[in-house]
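Mind looking over this structure? Questions follow.
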Amino acid sequence: MDWSFFVGHVNYWLFVVLMMTGLYVVVAKGNLVKKIVGLNMFQTAVFMLYISMGKVHGGTAPIFPTDMKIDPATVYTNPLPHVLILTAIVVGIATTALGLALVVRIREEYGTIEEDEILEIEQDMASEENRIHGQAMGGRA
Amino acid sequence: MATESVHDVALTLHDQLPILQLVVPFLAAPLVMVVGAGRGVAWLIAFLASLAAFAISALLLAQVIDGGFLSYQIGGWAPPLGIEYRIDAVNAFLLFLISGVSTLVLPFAYESVKAEIAERNQALFYTCYLLCFAGLLGVTITGDAFNVFVFLEISSLSTYAIIAAGADRDRRALTAAYDYLVMGTIGATFFVIGLGLLYMMTGTLNMGDLADRIAPQTDNRTIQAAFAFIVVGMGLKIAIYPLHLWLPNAYTYAPSAVTAFLAATATKVAVYVLLRFSFSVFSPGFAFENYTYELIILPFAILAMFAASFIAIFQTDLKRMLAYSSIAQIGYMLLGLSLMNASGLAATMVHLFNHGITKAVLFMGVGALTLRAGSSFYASIRGMGRAMPLTAAAMVVGGLSLIGVPGTAGFISKWVLVQAAFEKGWWPVAFLIVLSSLLAVVYVWRFVETLYLHEPARDAAEAPLTMVVPIWITALACVWFGINTDITMTAANTAAETLLSGSTGLAEPSPWTSALPAGEASH
Amino acid sequence: MLESIPTAFLFFAMGLLAMAVPKGAARSALLVVIPLIAAWQVWTLPEGNLAPVTFFGLDLELMRVDRLSRVFGLIFCLIAALGNLYAWHLKDTVQQVAAPLYAGSAIGAVFAGDLVTLFFYWEGTAIASVFLIWARRTLGAYNTGLRYLIIQVGSGVILMAGIALLYAETGSIAFDRMTLGSLGTWCIFFAFGIKCAFPLLHNWLQDAYPAATITGTVVLSAFTTKLAVYALARGFAGTEILIYIGAIMTLFPIFFAEIENDMRRVLSYSLNNQLGFMVVGIGVGSEMALNGTAAHAFVHILYKALLFMSVGAVLYRTGKVKASELGGLYRTMPLTATFCLVGAASISAFPLFSGFIAKALILDQAAAHHHAIVWGALVFASAGVLSHSGIKIPFFTFFAHDSGMRPKEAPTHMLIAMGITAFLCIFIGVFPGTLYAILPYEVDYHPYTAAHVVGQLLLLCFALLAFGVLYRTGRHPAEIRCINVDSDVIYRKAAPSVVHIAARAISAIWQAHAGFWMRKTDLVLRGLYASHGPEGRMARVWPTGAMVLWIAILLGVTLAVIFVT
Amino acid sequence: MSDHRPATDDDLPALGRLLTWVDRPGSGTKLFRALGGFCAALLVIDLLISKHGHFHIEDVWAFYGVYGFLSFVCVIYGAKTLRFFAKRNEDYYGAQAIDREDYPLDQTGVTKEADDA
């Protein structure tokens, strides 16, 4: 693994770093909004992977001249991954919006957006249910 | 650089069936929102769209049940550049299941949604439901790998929304939806990373074309990594055992109709995608696949069969119990898959279908009980077998099918699965399948006992007819497909053969196939 | 329309309908009319495989109609109607549902074209029929029923094993002629043999039939064993060992019947003896011999039912069925006595009665194929039949010493049922052509030759003479209260003793270990609950982060597995 | 039970009354003699008809008669011997066997009659 290999794949290294950072945020942060942010970083890493993949060395923007006289020597960058990622970006925005909307609703219902506090509330609810229904089932639940 | 338009003559409506399958529910979704005011209308539009989709899927299945496939080119753009819808026995069978279940769940949903979701949200609910439905159909029908991702996200996003709609009854629906959103997004993103890696190596996204181009470079690490990403990403959607953690809460706190629909379809679609990629895109002969299945999927499948069943036994909530039972049943499907032989695949396919209808009966039954008893805890549904004889009897049928009692659909799939294990010579696995069925006996007996052998906890009327009728149609389907295996086994066997024969390649050779050498697109 | 419904389904529908229709005349009428419709259907069905079904990739044939299955199907339908007419007075849903299901299973089995269908119906007869025994609703009947059920279901299990072995060997489940040789065919043969009451496998019959209800025994006597005869005729015609098995079957029950006190058990032994004739016919296996078997089964179902009906009528009127308690009933039950005499004459094969024209076919064939010893045994058995069924049944029930009982004549519907059956016995005896016409093969035989008639009369009349001499000199065995042990002593007495001793030994060992294992099991259950219970580690709600971590771990493992291998 | 009915012959059904002949003193002997006569007649007829049995012994005069007589005697003495070995009390198989219990009277017509009376 020499220097040129490292430089030649710099977009992948950045992709890996960004992806892992995103995942780490999702795993490590207890704040629900921060988790969404982590998720966003994670997705952005993928956008980067795709977009950098479409780049062809020495290629120009894939726009045809208006007279449609195309020089066969011209190298174009592959536009397809870019187009794909446009869709993925839309998906990402939708996910973020929905996620944040859920966070708002959770804040309304639980009064907090810290995961450990929410879990504690839910654990209490579950224990209470088990107590009630466990007894009702003759302790066999 | 337009590709040539393939068809000069106008297509008949019949030729347009593949796109109609998708377009009908898709267009119905905004329509529901526009007319939203009267919920009866919203429901009616959703139901009609679903019914139409069901009819279309039946027509499609009839065309491909004996083998062969239909290829539909969106906008007349030829694959691999254009998006192709490719229908063979495998996905036609699944389309049939999805639209069938939806058509049965919607009549049930009418009363259930009225009781469980605030009135102002109901039109939005049906919109999301239709989007989810259309998304699932889209994932199944398309022959384009990236298209799978797009539809997957459409169905997922709407799924998060309709799960969260259960918050009117229990606020934990919100956290369930949030968890599912985080997990689902990561899963889908893994999937799309896998696609990116594949695209990098092949320069194409059409499944048939992908298969042709992957075949010569199976030793490539990038291809192998792509496989790992796709398996894990889809595994999350399937709820493979350690990745199942989103499922119990999502199923438990979602509105009853949503649970019935999702349990019968969503995970099944994910299994389908895994099958499609494992067999049609990557070909079944790849050594790395075999190892993945034998060393990772198989142990977790068996673990799921037992651990999830044990959890199910100890539950206090019937709905949650059924959710865990679903995880166990997914274990059976993955087991069939990891056998990697024709009968194993047939078992997976037939179990997809049979478990789909079985769970539809049970979750609809739970929905009806919840409507009358207020919750699905064992304590509140005690003795309801006497108050709601029709619903309870149908649930017993579903329970028998879940166990795999002869004469029910569940028996057929387990029978085929055990046979497949024998065929492979995996006697211990066959033994484990039977053993885990005994656990199913325990948890099914628990709810049957609760329903029948206790003094009723409350007075309640039988569920409304709009619920009882779809429940019973599905219950009878459980029995029918347990006795008459013509449709299911033929379709499953054809599907297994189709999958095992690997990719069929592109529908029509196109100049683009040769014009784009593999790997060129990645600098 | 009727062609498309397998006949068995008509009976099953009848069973279900019987549950819906209120007790009384309507239900009783239903139970008589539908078998008649079924009989008409069987009569008019074309030959061929009428209801092919695919199940699990197996091609099943639910309705294989040919001449052999038709004659059995016909008599089964007919006797179902007569039996139900005899049971007109019943107001017992259990019996009125079990009887049609039982008859339907037997008919379904007769028309089964493949072994899998046969197996299902085979078990169906076992399970449905036991309710006719349990319907007596006494502890004794319950125990007997259990024994009966175990043996009958056991026969089905062995059949299943045989079918599986045969399928593994030949890849076919067709129910056609088989040759003994492989383990599979031996299993099937053995299963048939149990239902056919082969020697030493026979005792379930004498155990169970006297335990059933009055009307139940009539129905029972018709189906199970004759179904087995049909199955043997279909599968093992011409198997030589059957000739000797059959010969033994004709002989040994005679002696038991002679000293048995319970009249219905006498008839059960007699039934066993008659089966022997049919089995010999199957063993000979020629077309005429098979005709003889079919004819004998046909007439035997009628006269055996008639005898059970007349004894049943006595039981119905007096509550007693033991020879030592009966006698002299002809005074008040003369019609029943007459019908009983008709049945007795038929089974003894007096000329002009149905037994004469059917048994002759088998005897003739045994002789024609030079089985001299077997032939001698059959003639001996013919005289023996006279001793118990021909003389003992009518004589000690209706004549002999007066028991002092003056019961009423049997109820009208029983008389009608017996009358019709008796009429059929005589009609077939007088016009043998009517029966010969529906037999599986062309019949070229004339029973009424001078030599045959005189020979038969000599045999029977001298036997009667012998009875006269022995009875008048007090040498005929007295009718006393007792039972006689048969092979059932093995499983009713010896085996339980052995089991008892073994059980005590085992329980001693168990006591020592049970405590230990109970504690272990308890620990395991507690452990499972702790981890898998609602609040256990495995079932708790996990933080999102932990779930995501799982994804990462699984991805890592998958990648590692793929790259390493 | 049915014993409450007066046992005079006049109450019997016609056919039953007719049949009481067999119980008259001497009737048994008459019947036995008639049977003997019939057997003798059969033996005579057996001389006259031509027989073509499968076995030669069938064609011997009175073969079937002798065989029938001897068979019957064998059956009776065989049965008596068997009884010597096989006979047991009715409670041999314990109290829970049908041999010990009466047929449940409520399933017969007996109780109904008793009610009528």
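So that you can tell them apart, the chains are marked A, B, C and D in the order they are listed, and the count of residues begins at 1 in each.
In this text, a contact is a pair of C-beta atoms (placed from the backbone, for glycine too) under 8 Å apart; a residue touches a chain by one contact, two chains touch by 3 or more.
Note that the coordinates shown come from a computational prediction; the quantities given were computed from them, not determined experimentally.
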item: Subunit D reached from subunit C - shortest hop count over touching chains; value: 1
item: Which of A-C and B-C has more C-beta pairs touching across its chains; value: B-C
item: Centroid distance [mean C-alpha coordinates] between subunit D and subunit A, Å; value: 98
item: Inter-chain centre distance, subunit A versus subunit C - centres from mean C-alpha coordinates, in Å; value: 73
item: Averaged-CA centre spacing for the pair subunit C and subunit B, given as whole angstrom; value: 50
item: Computed distance of Cα centres, subunit B from subunit A, in Å; value: 24
item: Contacts with 2+ other chains: residues of subunit D; value: none
item: In subunit B, residues with contacts to at least two other chains; value: 178, 182, 186, 314-316
item: For subunit C, residues contacting two or more additional chains; value: 534, 541, 544, 546, 548
item: Listing of all chain pairs that touch each other, if any do; value: A-B, A-C, B-C, C-D
item: Residues of subunit B that touch subunit A when the two form their complex; value: 146, 149-150, 153, 157, 160-161, 164, 167, 171-172, 174-175, 177-178, 181-182, 185-186, 188-189, 192-193, 196, 199-200, 205, 314-317, 377-379, 382, 450, 521-523
item: Subunit C residues touching subunit D - in the complex, by the definition given at the top; value: 89, 136-141, 143-144, 210-211, 213-214, 254-256, 258-259, 262, 315-321, 328, 330-335, 337-338, 364, 367-368, 370, 372, 375, 379-380, 383-384, 386-387, 399, 402, 404-409, 411, 450-451, 454-468, 470, 472, 475-477, 481-486, 492-493
item: Subunit B-facing residues of subunit A, complex; value: 19, 23, 26, 32, 35, 39, 42-43, 46, 49-50, 53-57, 78, 80-81, 84, 87-88, 91, 94-95, 98-99, 102-103, 105-106, 109-110, 118, 122, 125, 129-130, 132-134, 136-137, 141
item: Of subunit C, residues touching subunit A in the complex; value: 534-535, 540-541, 543-546, 548-549, 552
item: Subunit A - residues contacting subunit C, complex; value: 23, 26-30, 35, 115-116, 119, 122-123, 126-127, 130, 134, 141
